[in-house]
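Some structures to go through are shown next.
Heads up, the next two complexes both have chain A, just with different partners, chain B and then chain C.
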Partner chain A sequence: MGRLEAALRDLRLADTLAARDTPVSRLDPRAKVLVTAAFLVAVASFNRYALSALAPFALYPLWLAVAGRVPAGWLARKLAIAAPFAAMVAIANPILDTAPMLRLADVTVSAGWVSFASILARVGLTIAAALAVAAGTGMHALAAALAALGVPRIFTGQLLFLWRYAFVLGGEASRMQAARTLRGGRGSPALAVYGPLAGHLLLRAFERGERIHRAMRARGYDGEIRTLRELRWQVRDTVFVLGWCAYFALARFVDLPLALGRAITGAP
Partner chain B sequence: MSHHRLEADGIRYDYPDGTPALRGATFRAGHGESLALVGANGAGKSTLLLVLAGLVAPSAGVATVGDLPVTPATMEHVRRTVGFVFQDADDQLFMPTVLEDVAFGPLNLGLAPEEAKSRALQALQSVGAEPLASRAPYRLSGGEKRLAAIAGVLAMGPDILLLDEPSAGLDPRARRRLIELLRAFDHTRLIATHDLDLVLDCCARVLVMHEGTIVADGEPRAIFADAALLDRCHLEPPLSFSA
Partner chain C sequence: MHMADALLSPAVGGTLWVATGATLAWCARRVKARADDRIVPLMGVLGAFVFAAQMINFAIPGTGSSGHLGGGLLLAILLGPHAAFLVLASVLTVQALFFADGGLLALGANLFNLGVFPCFVAYPLVYRLVAGDKPSDGRLAFAAVLAAVLGLQMGALGVVVETVGSGLTSLAFATFAALMLPIHLGIGLVEGAATAALVIFLRRARPDLVDRSLPAPVKSRAVAGLAIAAALVAGVLSWFASPHPDGLEWSIARATGTEEIKPPEGGLHARLAAIQEKLSVLPDYDLPAEGTAKKEGETAWPEVSGGRSFAGLVGGLVTLLVVAAAGWLLGRRRPVA
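Our next item is the complex of A and B:
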């Protein structure tokens, strides 16, 4: 199995995980979307040097992953893909913002490094939460929840098509890669070969996309993807939403680690 | 009953680059008939099926489904009447579970979720695939995928079935099961295939396509005995026939 195919299978795992019966998958997807949105807003709203105050927010993705039985390795691999992007966004901060801010033992840490760490922490938290929610819900249920919450169907439809075609495109690419390897192509192809390869991939994906679209039209697809799933809001969903939102509000407005430290040390 | 009728009258179709794919294909199939459509690669079999299902508009000629010509205005009727089983089941299956995928068509016909679900379960049962209901389509074997795809089409309650290479890629047992299934249907069937042994088992009539037209139409044994015709159309008599 090629690396690309392995990566695709790994991504597909999200659907497989969501099909299991866990405390997370039993929740109404709308509740999970709402709480996750509140989580994202709360995490994003801290000032740029916030670091220790973010720590209590790790509880939410942690709970999703543990209660939803999301394999830690899977989550970590997906986070590792996002990490370089986050680092790229944040890398200018230590260079531009050199004012000293903290002293850890004998090392002075500049404000730029603190905000760099803050950005990485936020990216880690938000992506971990989004991944864990997706793995505990499934793309189709998420799209249904977004539609029910008023997101226009054209966007939710796009989300599902993105999910569907990512595997179509990936599958074609992995077959092309296998064909190339079998005929002796080693390493990564020369730059001049990339053009024709990409062109071929595009044409193949177009053809495949056209066949898929025809198959959908033949079964009456008219722009709306209907499913059997009916969304049912239950008491536990209300508890879930209120409970987490209250916790986020508390963690947002009270610096819990600081308060905890003061309570332990007795400092004012 | 004339509403299971399937007709093509002088259908022509040119690819966007001008290459002709169909050059006046004509045939008539009556209620409950099981027809095979055979011919070399590129003879125009798949294109003819697409035209009959209203998925591709012909450059000239008329396709008739039931009592109505296939036009944009009758598309609703065509969708309800014609079920199309595509060559590659992977092109068809896309929902997270088999049951949801099979219910996709009935939901699009406007059925309530409960009714769509019972129709989907019924369709799965009729192809003997109800144990697959909660499985993810991408984890099925080729034969299971084919059954799920056929169930997805049957769930819409079509009168006419168009099948494109239904036995391609199936192992012998899955193929045997498919043949039994096809024989049991009472729909009007048009089966495009290279599997001439399947034709002998499932079809009372064969249409031979060559370069975009139907060059022969008759009983399978008579057609397969015509060595000159088969040779001209790049076909060979089925194994069971020559033995």
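Our next item is the complex of A and C:
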């Protein structure tokens, strides 16, 4: 399956996941946006050598994934694709920062490896949270949340159009590629072929845009984007926001794993 | 692959979020003011096109590898810089949310590197100036490649400054830049070639779509020239600033023996000094992390410092914004009673 088909399949999966009725999808999307923002800021605000202190933060993406019934395999696959790039930049840390920091049994661990592990932990936490919240919310609810939070409607409107027509144009692009392969095209096309190939897709995009506009005008479009979706903030949304933000504040300023370790081992 | 959250600090990420958020609001207002109601569905489908086109690879001659379109410059040429910025924002949002391509905290930074530089610098100051009106195919291709290369170099430099400024990596500015900039030179050539191929094709098929009369984004070449000169002075010539004390510091040193007089410990002086220390984001025209390190030892001349360039460019930009705001406020006509 080509990249294009795989990407479209993933988008369709995310759409389907978000349409189900789960405890996560019942929450107001504004609440989810706020809590995720607080989560990301809290995780990013740790110093570069924080490692065990990050562990309690795994609870949020874990809860989102479990309560939102997000398939673990899908999540793991996306993490595996996204992690190597950050790891490539992070690998400089163990090479450049060789000051010793920890002693585990007979092995001395340098500070560079600690900061490397910290970066990998952050990658896991932030990406898992973003994916889980997107899969539990979906683009339509998210666009409504953004509009309610003050983002200009011209942006959220065209975001929804992009979402809708990504499937349509993606399907057309996929059929064009198949047509080329069936006529003997192998591998990636040369630029002289790519120009007309992608160019025709671009032409179709323009023509589709014009047809959409005429259809909208025929239905009374006057430049204002209006939606029927009503967002209702409920008690459970307030509880959700306050509860998780309190937990993030606690986990940020109190090193919970350290406290737990001290309590168990009795060490000072 | 765009920047991940893991390498960004909340300070850098937050600052860039604010900057791109403000740019987004401004662009939304400009697009609405164009009063062309075709623009919203058009932006949507072109965004979908860029999204799909990023998955279509073409062969790069002579290397055996393949590349794909980024889309920033193409969107700016087809839609104008303001609408293009909005479209790029939505493409990046979808990528960050559903493909984990770029973090959410880093979304502001990614949009800045991939949106602001192509749409508001490379397109008006390079592409429009080089291509001019109704360019030939060759001239268009040259303009596109030049604009794409420069836009991506600026974007890559942005990534380096933001990552090093966040303090989570041990990479030094010079090393990271030496890795990023050459790679993005190649990527820029690919981007320019793909953009040129598409615009040339579109112009032959539907010339009315490409040669739309867009309002000239830069009022005169003089303004553009001055902007580029200011950026060069702040970003590059600042490295050549003399390390010797200036007139005031020299006089004080001759009179009292030290270059700066210590202020009194308590009272209003101390309180104002504390406030100033808290407010200064770039103390001594450098990034806070690097500045403290430099105070220890001797620095070479010219002092090639990313922190200094960043401070110079940010300072210049803030000054420009303040002056522009003042000009706008003072220039508004009051309704005649």
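Here is the rule we use: the second predicted complex is superposed on the first by the 185 of 268 C-alpha atoms of A that agree within 3 Å, B and C clash if a C-alpha of one lies under 4 Å from a C-alpha of the other, contacts with A are read in each partner's own complex, and residues count from 1 in each chain.
What we mean here is this: a residue touches a chain if its C-beta (ideal position, glycine included) is under 8 Å from a C-beta of that chain, and two chains touch if they have at least 3 such contacts.
This structure is a prediction, so every number in the text was calculated from the model and none was measured.
May I ask you to decide whether A:V41 touches chain B, chain C, both, or neither, giving the answer as first, second, both or neither?
After superposition on chain A, A:V41 lies in contact with chain C alone.
Would you sort A:L202 into first (chain B), second (chain C), both or neither based on which partner it touches?
Second partner only.
First (chain B), second (chain C), both or neither: which does A:E230 touch?
A:E230 sits against chain B, while chain C stays out of touch.
Is A:P152 touching the first partner chain B, the second partner chain C, both, or neither of them?
In the superposition, A:P152 touches chain C alone.
For A:Y221, decide between first (touching chain B), second (touching chain C), both and neither.
Both partners.
Please name the chain, chain B or chain C, that touches the greater number of residues in chain A.
C
If we overlay the two complexes on their shared chain A, which of chain B and chain C does A:R12 touch? Say first, second, both or neither.
first
Now for A:R164: first (chain B), second (chain C), both, or neither, which partner does it touch?
Touch partners of A:R164: chain B and chain C.
Contacts for A:S25 in the overlay, against chain B (first) and chain C (second): which applies, first, second, both or neither?
Neither partner.
Do any residues of chain A touch both chain B and chain C, and if so, which are they?
139, 164, 208, 212, 216-217, 221-222, 225
Using the touch rule from the top, collect the residues of chain B that touch chain A in their complex.
Result: residues 50, 53, 55, 79, 82-84, 86, 88, 91-92, 94-97, 99-100, 103-105, 107-109, 113, 116-117, 120, 134, 136, 138-139, 152-153, 156 of chain B touch chain A.
Quick one: which bits of chain A touch chain B in the complex? Just the residue numbers, please.
Touching chain B: residues 12, 15-16, 18-19, 138-140, 164, 167, 208, 211-212, 214-222, 225-230 of chain A.
Hey, which residues of chain A end up touching chain C in the complex?
Per the stated touch rule, the residues are 2-4, 7, 10-11, 14, 36-37, 40-41, 43-45, 48, 78-79, 81-82, 85-86, 89-90, 92-93, 95-97, 112, 115, 118-120, 122-123, 126-127, 130-131, 134, 139, 142, 151-152, 154-155, 157-166, 168-170, 172-173, 177, 187-191, 193-199, 201-203, 205-206, 208-210, 212-213, 216-217, 221-223, 225.
Mind pulling up the chain C residues that touch chain A in the complex?
Within the complex, chain C touches chain A at residues 1, 4-10, 13-14, 24-25, 28-29, 31-32, 35, 37-38, 40-49, 51-53, 55-59, 61, 66, 69, 86-87, 89-91, 93-94, 96-101, 103-105, 163, 167-172, 175-176, 193-194, 197-198, 200-202, 205-206, 209.
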